[in-house]
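The same subunit A turns up in both complexes below, where it pairs with subunit B and then with subunit C.
On to the complex of A and B.
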């Protein structure tokens, strides 16, 4: 692809803290390379803001390899931007053209309160995992591959569900700020495997209860979550979660 | 956890929508089949006889109470969920993805449901109230008196505004079902890799065919059209 440079207008959400009122500020950036990542473009702007004595834009990031789930941001109404199956750090500036105005907002949900600017707290996800997203046995050393026989199809589905990086784009994309795609991935990947079997029922009931406590909405099956998920987690996991939950509720003690 | 807590969680609330929705879809099939009599020759007698059966059969009258309960539960729970879900994002986005990531009708179930509710109120006032409460003209077949509900339909659908309103009702129903049927199946946990395409296709076909048959009724009655089936009658 041909390299090019561009000048852009950025409308960025600025908010000093969780308790203060935020608003949009407009910045112009120039000479941005089409080969930069979106976060590098913000790095360029931040370096300029620091040099000018201003406050740099706070945003979450860590691995910048698309696997850690730290980066967030809603770019022109799309969590992680316009590219399918891509995190913000893997979104490159060739997605935009010279003269574009880009609106950058934080993930918005009551359960994801803003910490500063584009950073939100996604601790609610950690607490959902703490409610049951684990296997509480002493696993010891790594066992030999194929020591526990697992059907290929189940192993594939479990692996696909386990690809969830917990970034929260599903919540940000959902009109109800529902965390069902995230939860369904976490429940599915353990429910499909023999290691998850002993705690299967308790796990789903506890995790749903925690999800409700955190203030996420219900799933109304618009499937915007699947469309925005950087790991392309399937909404069929949500059907599995519903099945697991119904089964646990009707047969549980 | 016991099953008694089931319906109070976020998934349980959706289960209520799903179960009542499926019940209402079954009602639509029966309602559509019975009323489709008016589209064919000898529609007056066939339809009036069918309506008589529906109005006098004890089992159906008892089910009717369940039907009202189903409607009320679906409506109240739907509005409660809409309000609850809207409250989960206090600060709104300046820019939204719109139709790029989801279908407009999947995001507009409350709006479509409200249009159907307006239609339903008028519809009940047009037909349910006269046939159950205020009374209808009578007609005699084989020496037995029957309510002439067919005549009432002719009166109502002689008015162009009524035809327009019923068409709007059917249109809203079609979009509502287009999302609702597959959504109900998803909430019940019936969808999987194998079944999802089938459920989606059957749901789409149902959402188009059933409202279309309903929509033909006011149009046929308005223009006095009928289809000649020869010796075949739709009467059960």
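On to the complex of A and C.
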């Protein structure tokens, strides 16, 4: 792998707080190594801003390993940037070349209000889970783990859905700001498992109701969500969600 | 100095926990509703504790600094979680898990705690399965296991390379269910900055709302710290960026003893540092050592590409030095062996600070197994290789993909380059058998306490401990304390102790903001990390540690006179948050060196160059150092207290993996 350095122009969304109006600011950064991660490139800029007496760019991040779901930037119009199946924190600078201009914005959706700069609130996702994204089993109630055999294929499918990191890129990618991919991943995870069976109908109905209440848009099957999802959660989950919802409503739950 | 009493119940080791549970004080349901519990942190330990206590009927308030509890650092755990289920019928048992953990910890852990941990481990798997955690399964539908370092049985449960994520989501969902039921109130983007003590008992916390910058007071009949480990003292580590010691350190400054701070774990398989810009290091799960082979060239400074180095010119140094455990020796041993090779000039890659982790042999082995499984007869090597790659992808796909994203190299074709990195901290707040710190009413769970791993933790045991503490230990032990608190009515937030604690927190913030120096918080953190890594990392010496103590003290002065923090106090200010954390790391760094200097022996992750055997293995001194060092803070330094370790069951011997 050939390493190189580059100079870049960054157009970054700056917004002091949720109530103030924001706008783009332009910064140039030089001598950026192709081995850096995207966030390390922002670190470099922030260090400079602090030294110059400016206000560093606020952004969410924690694990920097693509698993916590905290990082959340729209890079050149794409949530989490140009690499498929990759979070912002895992994006590396070899995706760019010398002289590029990169536009960086927060995830945009009514249900994700901006807190500052590139940081948004995704607490609506927590409330969707509160509406039923769990199995009601108190500590100490469990039977032996191997007392519930589960077909490997089903277990694998449930795992694939459960791999959602709750980042919200699907919402940011969707022109309607729908949360269907996120919601369907959770409904699928639990509907595929026998443990999820007793609450299956009630779960889907209350979670959908909560999603609507939070102000997410409706799904018009354009599948932008799947294309941008860093964990490549499949839209087949949305089809499953629709079936689950229909079943539950037909049986009057 | 005084000897600490760890309050271990009487009776034979196997019966202690059962007897304890049978005789412990209980709180009746009506009283539980009146008792308030504060939980700092929502990783595996905090989420499981908050959810379980909420289910029991206590009024719980839980706090985390991320935007949602589901993002705690536990989410990043990859490899797996241990439990003594013996589903593989390979001779595992509670005793064996207990024994492996005690031995793996190099005889510096407390027998009674470790036995209890092994005992409850089996319930953890049951609980998680019931919650819908999608563990890996065999074709027959039953749970699958793999092996991890330091053991000879297969007792590790896993969900591909995302075990921590799946366990945490299970606990998070249980927690959110309680939030919906109103038993738990959740405060995200809140950071604990001070502890409130009234009449010698922990009674609350001061937290900073990270969005508004406001300080808030919260009362609790008890406070549980589940705030994780302090690996980020090294700056570069595999911990999440925000992981910090602040909650534990504030408790320490208020009287809680800090135990074994120098016992830190350097993980052998991480992606090497690529340059000065590096902000964190990425772990390649230990599970990779199951199938991968570790080697360096036999010739120093060999510049050939790895695939051009013939088999007979490779040194599989772990297999050579430790034939019994081979690539699966415990982490401390594997890390030191890698450092030894690199220091001796055999390292690979441009920095020469790396060794190879090679999957070529595993790909062939799995490929051939597939051929015979599916009766494919005579096929070309290419077919075998492709089949083998498929199997490896199924097992480790996400890790391989992560490696490729970071390095730009394809690990299915070229051996991975790995090097040890800071990963876990065995040290932490001192706790007794009930997980209570030296402050009444203050408990520490998960990585934040020191309790179960001695001087070295075995792989897949941290997740086990976090969930054991939260689901199965604290629900009993906390009741034993709260049963005597049912007459304590909630204390007013205007109580002088609350006012005083808030003032202390506020003064510190004002002081930090008023410095307006020239150097960034980050630059101080980097310098601290370098001092600690060089002198209190994989190898330590008296001379180096003394120098490090002086260096850290100087750094502390410089920090408090020249740090530059932009922004405002009463607003979101990530640099201010970071400054508070780094200030605490600096103090902790000094204590780590003090502890390492005190311990004139080598054990587990603590390797003092002066104390080694002729073949370079750690040389323990059980006569002098078979104790937990618990440090009490005072304005001029620290006082050492000791908890003597008594081994009734296991005879300490020199740890051998040969």
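By definition in this document, the second predicted complex is superposed on the first by the 245 of 253 C-alpha atoms of A that agree within 3 Å, B and C clash if a C-alpha of one lies under 4 Å from a C-alpha of the other, contacts with A are read in each partner's own complex, and residues count from 1 in each chain.
What we mean here is this: a contact is a pair of C-beta atoms (placed from the backbone, for glycine too) under 8 Å apart; a residue touches a chain by one contact, two chains touch by 3 or more.
Bear in mind that the values here come from a model prediction, so they are computed numbers and not experimental data.
Look at A:216: by the touch rule set out above, it reaches subunit B but stays clear of subunit C.
Subunit A has more of its residues touched by C than by the other of subunit B and subunit C. In the superposition on chain A, A:121 makes contact with subunit C only, while subunit B stays out of contact range.
Contacts of A:158 after superposition: subunit C is touched, whereas subunit B is not reached. Subunit A makes touch with subunit C in their complex at residues 1, 17, 33, 35-37, 39-40, 43-44, 47, 49-51, 53-56, 58, 60-70, 83, 85-86, 90, 92, 94, 115-116, 119, 121-123, 125-126, 129-131, 133-146, 148-152, 155-156, 158-159, 162-163, 165-166, 189-190, 193, 195-196.
Residues 1-3, 5-6, 9-15, 81, 84-98, 100-103, 106-107, 109, 179, 182-183, 185-193, 196 of subunit B touch subunit A in their complex. The touching residues of subunit C, when paired with subunit A in their complex, are 48, 51-52, 55, 66-71, 73, 75-76, 85, 87, 123, 125-132, 134-143, 159-160, 162, 165-166, 169, 172-174, 176-177, 179-180, 186, 188, 211, 240-242, 274-275, 277-280, 282, 401-402, 405-409, 471-472, 475, 518, 520, 522-523, 564, 566-567, 571-572, 574-575.
Here subunit A touches subunit B in the complex through residues 11, 24, 74, 76-78, 103, 105, 108-111, 173, 175-178, 205, 208-209, 211-212, 215-224, 227-228, 235-236, 238-246, 248-250, 252-253, going by the rule given at the top.
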